[in-house]
Amino acid sequence: MNTGFYPGCSLNGTSREYNESVRAVAAELGLKLTEIDDWNCCGATAAHSMSRELSVALPARVLALAERQGFDEVLVPCASCYNRLSVAAHELARDEELAAKVGAAVGMAYSGKVRIVNVLQYLQEHAAQLLPGKIRHNFAHRVACYYGCLLVRPHKVLGFDRLEDPQSMDGMMRAIGAEPIDWAFKTECCGAGLSVSRTDLVGKLSANILGDARDRGAEAVVVACPMCHSNLDMRRTAINKCLDEPTDIPVLYITQAIGLALGLSRKALGLQRHIVEVKLQ
Amino acid sequence: MSNDNNSAFEPRIIAFVCNWCTYAGADLTGTSRIKYATNVRIVRFPCTGRIDFLLLLKAFASGADGIIVSGCHPNDCHYTSGNFHARRRWMVFRSLLDTLGIDTRRIRYSWVSAAEGAKWADLVNDTVATIRELGPYNEYKKVADYLGKEAGDE
Amino acid sequence: MSKIGVFICHCGENIGATVDCAKVAEAAASMEGVAFATDYKYMCSDPGQTLIKNAIREHRLDGVVVGACSPRMHEPTFRKACAEAGLNPYLCEIANLREHCSWVHPKGDDTTEKAIEIVHGLVEKVRRNSPLTPIHVPITKKALVIGGGIAGIQAALDIANCGHKVILVEKEPSIGGHMSQLSETFPTLDCSQCILTPRMVEVAQHPNITLYTYAELDSLSGFIGNFEAKIRLKAKSIDESLCTGCGLCTTKCPQKKIPSEFNAGLGRRTAIYVPFPQAVPNKPVIDKEHCTHYRTGKCGVCEKVCPTHAIRFGQEDRIINEQVGAVVVTTGFNVLGTDFFPEYGYGRYADVITGLQFERLASASGPTLGEIRRPSDGKVPEKVVFIACCGSRDPAKGIPYCSKICCMYTAKHAMLYQHKVHGGESYVFYMDIRAGGKNYEEFVRRAIEEDHVNYVRGRVARIYEKEGKLIVKGVDTLLGATPVEIEADMVVLATAGVSNQGSEELAQKLHISYDPYKFFAEAHPKLRPVETNTAGIFVAGACQAPKDIPETVATASGAAAKVAALFSQPDLVREPLVAVVNRSAPPVFSTCVGCFMCQTACPYQAIEREEIKDRSGKVIKVVAKVNPGLCQGCGTCVAFCRSKSIDLQGFSNQQMFAEVEALLETTN
Amino acid sequence: MNNLTELANKLLGDGTATKVIGYEEAHGKTRPCFCTEAADTGRLVLDERCTNNIAVYLTKPEIVGGHKVAVTATLPVLRTMVQLAMENQLPDGTTAIVSTESGEGLAVLPTVGDMERVVAGTPLDISGKERELRERLKAMSREERWQFWLGEMSRCIKCYACRAACPLCYCTRCIVDNNCPQWIQPWASPLASMEWQISRVMHMAGRCVACGACKQACPMGIPIHLLTLSLAEDIQNEFGVAPGSVMDHGNVLSTFKPGDKEDFIR
């Protein structure tokens, strides 16, 4: 299995720790990740509200490159990139006319052979069986697994996990000795689309999420999406304004939680980059 | 193809149709007074599932230039599944004929429902036009007449 | 040498204006085997038919071709005329000169030529026609009704009241079905049990009805008029002839914590139990799965207390054979459980219940004796949210169809709640209100306007528990998609109506078809709504699709009428256009080699195995045999048979072969 | 005494079989042989020279009538037996003797289930066989293919050896012997020969085990097996039924799927 790696912009910017922790966990488990050469923006946020063709062409180029470079699958840790790449592949496979147009624009055709996997799928398929012998100490904490909107929706395109009550992250958490809580906000909106323009709304929406996690006894919120992370972590001041009582519940990437269980250093996992300090071991 | 100097060529076309959909559809063409070419002769079967592949060969051997096979649309069969059986039969038969070099363009398969009177007229006209273009099926007639007199239009 | 008569009809101007009918008749007269040919203005008129009849007698015709309108029009007319003149009606064929010729072509030689060729094709066909006689199949005038809900009860009573014997099979210990669980019924709010129980008693007492409860169909063989049903009578572990139904055993049984099916899991029952007080028959059964005696060999309290010594722990299932002529399937439906809905808590919240459970809460015979109390703590809920379309009309849930009854029963539930809990607040989340039916829309309006039920048009995204309340998050689409959040004490899900468990297996036993949702399929959605594609098997009620009570009863009576119509004949008469496997003299017996691939091709299970035996009873050969009672004459087997051992009467190989050759013969 | 003889004697001895159908050596080749007693079994051989499909005898009452039969089965023979069983033509109690995978030992397959397992474990690969000729045919234009087959069919002498050799042509009355109606003219003309072959091949649809007996039997050397082979390929492409595999219910042409895909019915 030749797995390509598509970091996208977030993993080189606001969520460098996600990038670091994915690579660190993969390396620790002896899994090889090769970054796609000459990758470009997936077009998230802006492109699909402006031009359908553009919104497909950008990911199509990434996919075509991956295909050309001989990858069987591409790991896309950013949920937004994952969503865009998957939607583009879906549309290309169903609309010949569009595929032809896009192929001409990109200058490369994409035949649909590369499988697009998100971090949860990747961990389930490649890491899960390697974990048992590698865990140094259990990540014995109550955690709230927060999936956000982009990992499971639209279900008919992604076909990943259960739409209303996804379980894949919960399973991985159990595998490293954590106790995932039962809560109601797994796929609720954190307000990412308005992260810059309406921080007040983000505060309110994210507060619902963190408040419920805290009230149900979670010690940490675990995520697999840079947008979720930046909202829940970075916008904490705005969030705390909407809560009856401020919270310092930390927000971890799933790979950071697994990294801790594997005994990787906090630095290697980029834990020092968080706004809300992560005290958990 | 040898379609020169047959401006006077009138294709002989035989249609194998099921009673419940296409035959009724052709009846509707009549009641709607939609005109179509006179070249077609209809044989009524209870169901496309009843149509023997040998009858198609016999039609060619007896001088047909083209054949129409038509029945109920999938899922509309009066007998639930006769048309599904027929579809498989034609899929297999068609590729065998092709392997043998028999001109599969001369057999036109269609689904015409009891409500598609206009489609029936189009189907006939279209088939007549195609066969007119292809010319008489002399290739087959010549072989069919192996023991008889030389084919008249040779 | 055959003597065919050819009769060309002008159909007034309809054929005559474009086809030279006289010329067609003249050409026909010179065709081989034709003894008489003529044309006439209106062949279907009385004088026209008389002309045919006279010709048959005068020229001793042994076949007739009528060149006229489509056989789909007047084939029966002309065949009847032939029969009246003493000619076997199946020796008459129709040449379609109107719909397929005169109406679709202009006047001219080509059109007349085509008419002649059509006639020629049919002359050649009719020369090879055989006289056929209608098939008579005897009928066992006894019906089997499977499922003792309101549909089965209605069908059984209707058939029994026509004077025919009925066997009613119910898998539960009592008949009554879902209707017996309902509190009040829309749109009249009359008590369900009050209108149902008299019918149940009538069934039990009807001299023409044999009732088997706690019984299931094991297998069904045979065909219309002649089915053999094997019915499994599950062991009730009591001797019914001794049991008086006193109920002492059920009060003494120490196993008291089994969720009651009748109360949709909200109440408890004992291991030896009668499902509900009005049960028919009102005699208990022992639930072996939960009974201590069956599990550990101990206990046996019921045996000790029974005053008539009717307990029989050693009883075993019995299989009985019944000969029946028709089957009515009325196995009903089920509702999805709350555990189907992750967004609504996966069945984890005790106070999120299904509509059927609400019926039990609202029912005077229910676990709360008709008081609306929530299951978790028995408190009267002050705020109740009803959610319509739970699963229904939701392709993502795999149920794109409308469950049809939910709009009405949700309105009824909200209304009942408002009637019972004064000052209570109720909300109904809905997609559309589908209240088509007599007095239905008025009923819903009453709930909204008089009982002040709050109708919110929108979907509920999620329910979660917080501080003892159920937080219902939804949206009001009529207020510009405003998010709505309601802190409810209880939530009632109008979960989708789905096919009953085991419906697929039953359909396979009966050889009837079913849709992707495992509801049984009718032969035609409009014109044959209670028949199935298997002759002699009928369906009614919610096993076809979710239905309300009036519709269920209507289809049940419809199916009963079909059965009664079937039984009103001395025997079953069918068109002889069926497939036949040839038979010949020994030692060949039949050219059939018995590969039985035709069996897999037949859509009607009409092909059977026939063993040919010698005098000592030793099997010499096994060959196919077509059951003329089942065969519908599609001919798929005929085209498939490699050795041409099957042929289709009326469309035989010889006939079709000759017709095809004749149609092409006049070329050049 | 070799193993095969021993085994055959054992089966005859313990009543498992009253007749063993197998191969014997003759003129450096093999030919069918029928053993009913231990005295005959010394002649039995089972090796790569055994190419005849002796399953053809299993549908002949004059040979198997009144007998319990054991057949020394090569893989094509075994495939045929499974297909025959599926079509209710394998006499009850017929057993097969096969070489084990290593080629050294022998095994007895007493039930059809056993035979099915062996057959299912060794899928038929027809892609390699006769590739050149088939590729040549495919490369031809339709007219050329017609001329090719016309040429081949005009050599046919209507001896029906193809029918006699095929173990799955077991009809009591073949379609060519049916004269009501006379589906196929009895004389040897290109058309009648072609119609016969079309019928034969259509009748083999989804049943042919690709043993090649028809080709071997043809005295004129007409490559008629190409027709069944290409049909088998088409069936695999269209319906996913692998050549030589036995369907557990019905036949390719007696069953269907509502989702069968074609592109020519409009």
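Note that the chains are named A, B, C and D in the order they appear, and that numbering of residues resets to 1 at the start of each chain.
In this section, a residue touches a chain if its C-beta (ideal position, glycine included) is under 8 Å from a C-beta of that chain, and two chains touch if they have at least 3 such contacts.
In this text, all values refer to a predicted model and were calculated from it rather than measured experimentally.
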Out of A-C and B-D, which chain pair has the most contact pairs?
B-D
Inter-chain centre distance, chain A versus chain C - centres from mean C-alpha coordinates, in Å:
51
Provide the C-alpha centroid distance between chain A and chain B, rounded to the nearest whole angstrom.
59
Starting from the mean Cα coordinates of chain B and chain D, work out the distance between those two points in Å.
34
Can you list the residues of chain B that touch 2 or more other chains?
53, 58, 81, 85, 89
Two-or-more-chain contact residues of chain D, please, as numbers and ranges.
175, 183, 253-255
Each of the following residues of chain C touches two or more other chains, namely 601, 640, 653, 657
For this entry, which pairs of chains touch?
A-C, B-C, B-D, C-D
In the complex formed with chain C, which residues of chain D make contact?
87-89, 170-175, 178, 180-181, 183, 203, 249-251, 253-255
Which residues, counting only chain C, touch chain A once they are in their complex?
341-343, 346, 348, 396, 462-466, 471
Show which residues of chain B lie in contact with chain C when the two form their complex.
12, 14, 19, 23-24, 26-31, 33-36, 38, 41-47, 49-53, 55, 58-59, 62-64, 78-82, 85-86, 89, 121, 152
Chain D-touching residues of chain B, taken from the complex the two chains share:
53-54, 57-58, 61, 74-75, 81, 84-85, 87-104, 109-111, 139, 143-144, 146-147
So in the complex, the part of chain D that touches chain B is made up of which residues?
137, 140, 142-150, 175, 183-184, 187, 189-191, 194-195, 198-199, 201-202, 205, 226-227, 230-231, 234-235, 238-239, 252-258, 260, 262, 264-266
